[in-house]
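Next, two complexes with subunit A in common: one pairs it with subunit B, the other with subunit C.
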Partner chain A sequence: MLIFEQAAALVFDPYVLGVILASAIFGMLVGAIPGLTATMATALLVPMTFFMDPVPAIAAIVTATAMAIFAGDIPAALLRMPGTPSSAAYVDDAYKMTQSGRGDEALGAALVFSAIGGLFGSIVLMTLAPALAEVALRFSSEEYFWLVLLGLSCAVFVTPSSPTRGLISLLFGLFVATIGMENPSGEPRFSFGNLELMAGIQFIPAMIGLFAISEILRTVTATIPRQKIPRSDGHGIFKTQWKNLKKYPVQTVRGNITGTALGILPGAGADIAAWISYAISKRFSKTPEKFGTGHVEGLVEAGASNNSAVSGAWIPALVFGIPGDSITAIVIGVLYIKGINPGPTIFINDPQTVYAIFMVFILANLIMLPLGWLAIRGARPMLSIPPSTLMPMILIFCIVGAFAIANSTAGIVMMLIFGIIGFFMEENDIPIAPAILGMVLGPMLEQNFITSMIKADGDIFRFFERPIAGGLGVFTILIWTLPLVMLLLRRRKQARLAT
Partner chain B sequence: MIKLSELHLGILAALGGIVLLFASANFAPLPGQAYGAGTMPRLIGWCAILLGCFMVATSLKHLPEMAKPHLADWVRKPRLAFAALACLAVIVFYILFAETLGFLPTSFLGLLALMLVLRTKWPTAILASLATTLAVYYAFSRLLMVPLPRTEFLSFLG
Partner chain C sequence: MLRRTLLCTALAFASAAVAVPAMAQSAYPDRPIQLIVPWGAGGGTDAVARILGTLLQQELGVPVNVVNRTGGSGVVGHSAIATAKPDGYTIGVVTIEIDMMHWQGLTALTYKDFDFLAMVNADPGGVMVSVDSPYKTLPDLLAAIKEKPSGTFKASGTGQGGIWHLGLAGWMLSHGLKPDQVTWVPSQGAAPGITDMVAGGVDIVPTSLAEGRSMIDAKRVIALGSMSPERQELFPDAPTLKESVQSDWTLAVWRTIAAPKGLPEDVATKLGVALEKAYNSPEYKKFMTERGFGMRWADGKEATRIVSEDDATLGKIMKEAGFAK
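Moving on, here comes the complex of A and B:
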């Protein structure tokens, strides 16, 4: 009990509460700017945390991250530009809901189910951390290989256009991920002697280009006058969510569990959690045909999932010092700077700090509701600005965002190239999101594939020998083969009916 | 912009796969192993070839219509094509001149030009360009400590 009191004293200090509030606003702003990610918010906060004690420093990162992940949904719903990659899975549904006058419901669902997901993940973090992290720690390269392949498969099959075009996009993303020296043998690939390319394609400028620049180009070349987006139906941000919660309780719980479980796995993180949850939601939905057309079901499940993954990622980070995602990788660095060594001993040597971090998680997800409401209200006027004025303004944000990653114009050049590629893809109904996922997960897929192949001496059946790997492998193969089997069965049935 | 059919995309995917196979032919494997830097690009190349063949095979049924590439509607409208080019030109302008002119004038001029091309009214364009430039400058340069290119004669702005 004394530890809880000490932890509470650390958190409910006016200075720490002030830091939480300021970083919440900062996270909201960064998340709401298309292309600026939660990881970028964390990276930008690190220099400021140098001047803080451990608890406010970690509180700043936790709060900003949670807010940024939610805030990414705001431009996704209002402008079809996901603020963060984890919002990309359900961007079409959110945007189409806005276009049909249900923008408040879309953003309300994103806000409420993000908060629910974040709270669920925090509770799991507090109660089951050591046991759950132990399971993830037993994972080997085979499990990771199948898990990544499962995420990529979902990206292809959740695409609203044809799976073949989704696959083209994915292969493009995987190819982009091979550029540079980051590969098992450290050999420069497709870099043509260019130093910038040897370091690999910078992900954030590429993402800004593919999503934001292509959207700007699409807007300025729209032949049909931009449809005036109707005002919301006045049901309010929160009012419709009770109905959604009652209608989709299974989806909410499933999204929470999937997100937390995937967050725990190193490398999986919020982005892949959102994609897998969206795919699961579509797969088990009674109305899968409505997905991608402005349907809230996938948004509920994936929105809960990506925020619960943020909390889940902290479990292996705190208990074993293994980062669950890029954000917790930065956090581990900050903890070391502060003289705190993450790992099992942190629970013995510094329990009050650990419990203070748990409390910060709960606070951050609760504060998200009022601040998110304000952010949604504040963002709505964006819709009333004509595209001829708004698009140039977004363009300059994109340019500076791409520059800020490495303080180099190379980022802007990359953004420009990927913007043109993204526009070409959009014009030809090739979805962009699988390419993004391919770029993010490509290195992980390659590393685990090569490691597993070397371990198995080229025997592909060894990928199924471990029980969890076997289960994941069979599940992934089913995802690929089931649609083909169903198609063949349907054709046979049609042929039988014709004769 | 040309709109490509399933047939064209299939051919492009297969060709891309072939190029990838050739380009990765000389990547060395890890010492003493059969796998290395070339494994993944070659796998992607083979997947692209298979996908391309599948797309070509499935689109052969509708061959006459699939063979014709279509032009996007906006390409035939000079104003819209010019707007798209202007967006790209502003980015190129920033890349070329931001270091010399500094962020403030480059951003302001680029924004103003683009807004006028997109037919924003003059007063709104001037005000919006100025406000956006200053807001972005202060947010990134002062709050987030991003070293945006500075303009010596405007150094009094911070």
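Moving on, here comes the complex of A and C:
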């Protein structure tokens, strides 16, 4: 108990609390501006943490990232500009809810279930970290290959219209992912000698283009005047969430568990977690037809999932110094600078600091609720701006975001091109979500397939040789073939009945 | 406590601000300096640039802004440094990739397009295996690599043709073996490579030992050797290739601060002095050693020599291994 007291003394210090509050506001601002990511927020904080003690330094990063990831949902819901690939999974639902006057509920759900997910992930981190990190160490490229394939199968579930159109979109995304030289062979593909294309298609500008620019184009070209967004009553941010929690308890728990589990795996992470959770949610929903039309159920599950994944990523980072994402990669560096060397002994050598970090996790996820509430209220007037004023403003935000990601104008060009592509896709009822999924998972699929094949000297059965890989492989193939087998069985039964 | 610390911070910033006009009288620098990093925010090069930028700012009295220009395996950022105006207001971190990418045919840019100001860090390569590996010493491992058919062993730690791939190929060549005696499994960097090795995916990771530090401390990874002329301070148990297997092969990845070619003499001198002061500050030393980055100082002249020597060595290996165009 003494350790807890010491840890609490480290955290509940006015200076540390001040740092937490300041970095929370900083993270909220960075996250709410599309194109500025949580990773960027962390990198910007690093020079400042030089001058801090270990606990406030880590507290600043933990708080800022948790905030930034939630705040990314604000432009997603209000302007259809997802800030991260993981919030792209449910951007359509959130945006359509806003369009029908339920913006408060959408953002409230993103806020509350992000906090729940974050808290769940933190508790798992506190109690099971060493044991779970061991499991993460068993995953090699074969296992990740199957996980990515499972993730790609989600395309079927995130497609509201016909599967064929979903497939077109997915294949487009996979094609985009092949551009550039960041592939296992190191050879430039489809770059035509262009330096910028050699770097590959930058993900954030493409995503802003597909979602936000296409929306701007649609507003500009719309012949029917846009319907005025009904005003929400303003008291629904938290109240509706209690209802949602009671209505979707299973979804919440499932999202938490899926997110944490995928977050722990250094090769998977929050991006896959949100998509898989959204797909699971739709698959087991009583009303799958409502997904993608402004339904809160998927938002609840995927929102909980990506935040718990963010906490989960700290498990391999703390226990083995293995970064699960770009944020934990920076954090590991900061830990070393502060003399807290990640490793299994961290729990023995430095328990006060580790428990103080855990407390910061809990605090950060709690402080998110009031600050998020303020941010949502603060962002609301944006909806009453007439489109003729709002759209140019969004365009400016888009341009800033696309530029900021690599400090290059190529990002802006890419964003505009993808905006036009996105516009034509949606005009022809081709959903955008599967393309994003393809762009996220394409490079991982290729990387894990090629490296597995090199390791196995081309023997394809190696994908089943390792126990976890074999299990995942059989499971994936079952998911694919089960509907077919069921169909055949039913046909046979009918045929037998007919004779 | 809170107020005092805040006050101190505020004072520090204020004094930095006051220092600006005082120093600006001597012409350069009188406005912010841009420090271009050709690699992403959050990586090792970015971290070194950011601490160095903060310290340079104190030395020069003007803001030093770190700008990440990523993409094209470093080509984009390196080009941005080389093509900037040589007025001392755009400098950048030039990394060992400058000695590789022109051989690969990715760009016409070479080290000759830069004026090197200083080398601020170097990390020697190493040879790491998993703790589950049957080979516990470098001679054992080398004997097995020689004895078993080519391709039996797999190694990982960078992309195909990346610096550590060349490091491994160079080591193999120094023993008269084929550069691809050990099959290279491309990865997105050292950390995924090491993780995969511990998961049983590959046998060897030849990256810098610093990158495997947490796993070495956790007793999951053994450092069998170091590709440096002398043993590394942080890893005293890892023998050099020379003492262990009589190989002359050494390789270190370095980070230099460079400006576009044609920098005026006085500006170069001023920056060189400021960099040396920043390098010798206790903050820099603490940061680098805590992170496990190797301290290595070379002034502009010596840095240019090292860079040009490495250019020749890497070019030779890339030709022999078939990566040069």
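Here is the rule we use: the second predicted complex is superposed on the first by the 434 of 499 C-alpha atoms of A that agree within 3 Å, B and C clash if a C-alpha of one lies under 4 Å from a C-alpha of the other, contacts with A are read in each partner's own complex, and residues count from 1 in each chain.
Heads up, the rule we're going with is that a residue touches a chain if its C-beta (ideal position, glycine included) is under 8 Å from a C-beta of that chain, and two chains touch if they have at least 3 such contacts.
As the structure is a computational prediction, the values presented were derived from the model and not from experiment.
Asks: Between subunit B and subunit C, whom does A:78 touch in the aligned arrangement: first, second, both, or neither?
Replies: Once the two structures are laid over each other on A, A:78 reaches no partner at all.
Asks: Counting only touches as set out at the top, which of subunit B and subunit C does A:392 meet: first, second, both, neither?
Replies: First partner only, subunit B.
Asks: Quick check on the superposed pair: does A:333 touch subunit B, subunit C, both, or neither? Answer first, second, both or neither.
Replies: Touch status of A:333: second partner only.
Asks: For A:141, is the partner it touches subunit B (first), subunit C (second), both, or none of the two (neither)?
Replies: second
Asks: Figure out whether A:450 sits in contact with subunit B (first) or subunit C (second), or with both, or with neither.
Replies: both
Asks: Classify the contacts of A:15 with the two partner chains as first (subunit B alone), second (subunit C alone), both, or neither.
Replies: So A:15 only meets subunit C here.
Asks: Looking at the overlay, what does A:185 touch: subunit B (first), subunit C (second), both, or neither?
Replies: So A:185 meets both subunit B and subunit C here.
Asks: Taking the superposition on A as described, I'd like to know which of subunit B and subunit C A:198 touches: first, second, both or neither.
Replies: After superposing on A, A:198 lies in contact with subunit C but is clear of subunit B.
Asks: Does subunit B (first) or subunit C (second) touch A:360, or do both, or does neither?
Replies: neither
Asks: Jot down the residues of subunit A that show up as touching in both complexes, subunit B in one and subunit C in the other.
Replies: Shared contact residues on subunit A: 47, 184-186, 407, 450, 454.
Asks: Taking the touch rule as given, give the residues of subunit A at its contact with subunit C in the complex, in rising order.
Replies: Interface residues on the subunit A side: 13-15, 18, 39-40, 42-43, 46-47, 50-51, 137-142, 181-182, 184-186, 188, 195-196, 198-200, 202, 266-267, 319-323, 326-327, 329-330, 332-333, 336-339, 341-345, 406-408, 447, 450-451, 454-455, 457, 466.
Asks: Given the complex with subunit A, which residues does subunit B contribute to the contact?
Replies: Checking each residue of subunit B against subunit A gives 1, 3-4, 6, 9-10, 13, 20, 23-24, 27-30, 33-37, 39-41, 44, 47-48, 51, 54-55, 72-74, 77, 80-81, 83-84, 86-88, 90-92, 94-95, 98-99, 103, 107, 110-111, 114-115, 118-120, 124-125, 128-129, 132-133, 136, 139-140, 144-148.
Asks: Using the touch definition from the top, list the residues of subunit A that touch subunit B in their complex.
Replies: Going through subunit A, the ones touching subunit B are 29, 44, 47, 162, 164-165, 167-168, 171, 174-175, 178, 183-187, 189-190, 213, 216-217, 220-223, 386-389, 391-393, 395-397, 399-400, 403-404, 407, 409, 412-413, 415-416, 419-420, 423-424, 427-428, 430, 442, 445-446, 449-450, 453-454, 458.
Asks: For subunit C, which residues count as touching subunit A in their complex?
Replies: Interface residues on the subunit C side: 1-2, 5-6, 9, 40-44, 46-47, 50-51, 53-54, 67-73, 75-76, 79, 106-107, 151, 154, 156, 159-162, 183-188, 191-192, 194-196, 198-202, 213-215, 217-218, 220, 283, 286-287, 290-292.
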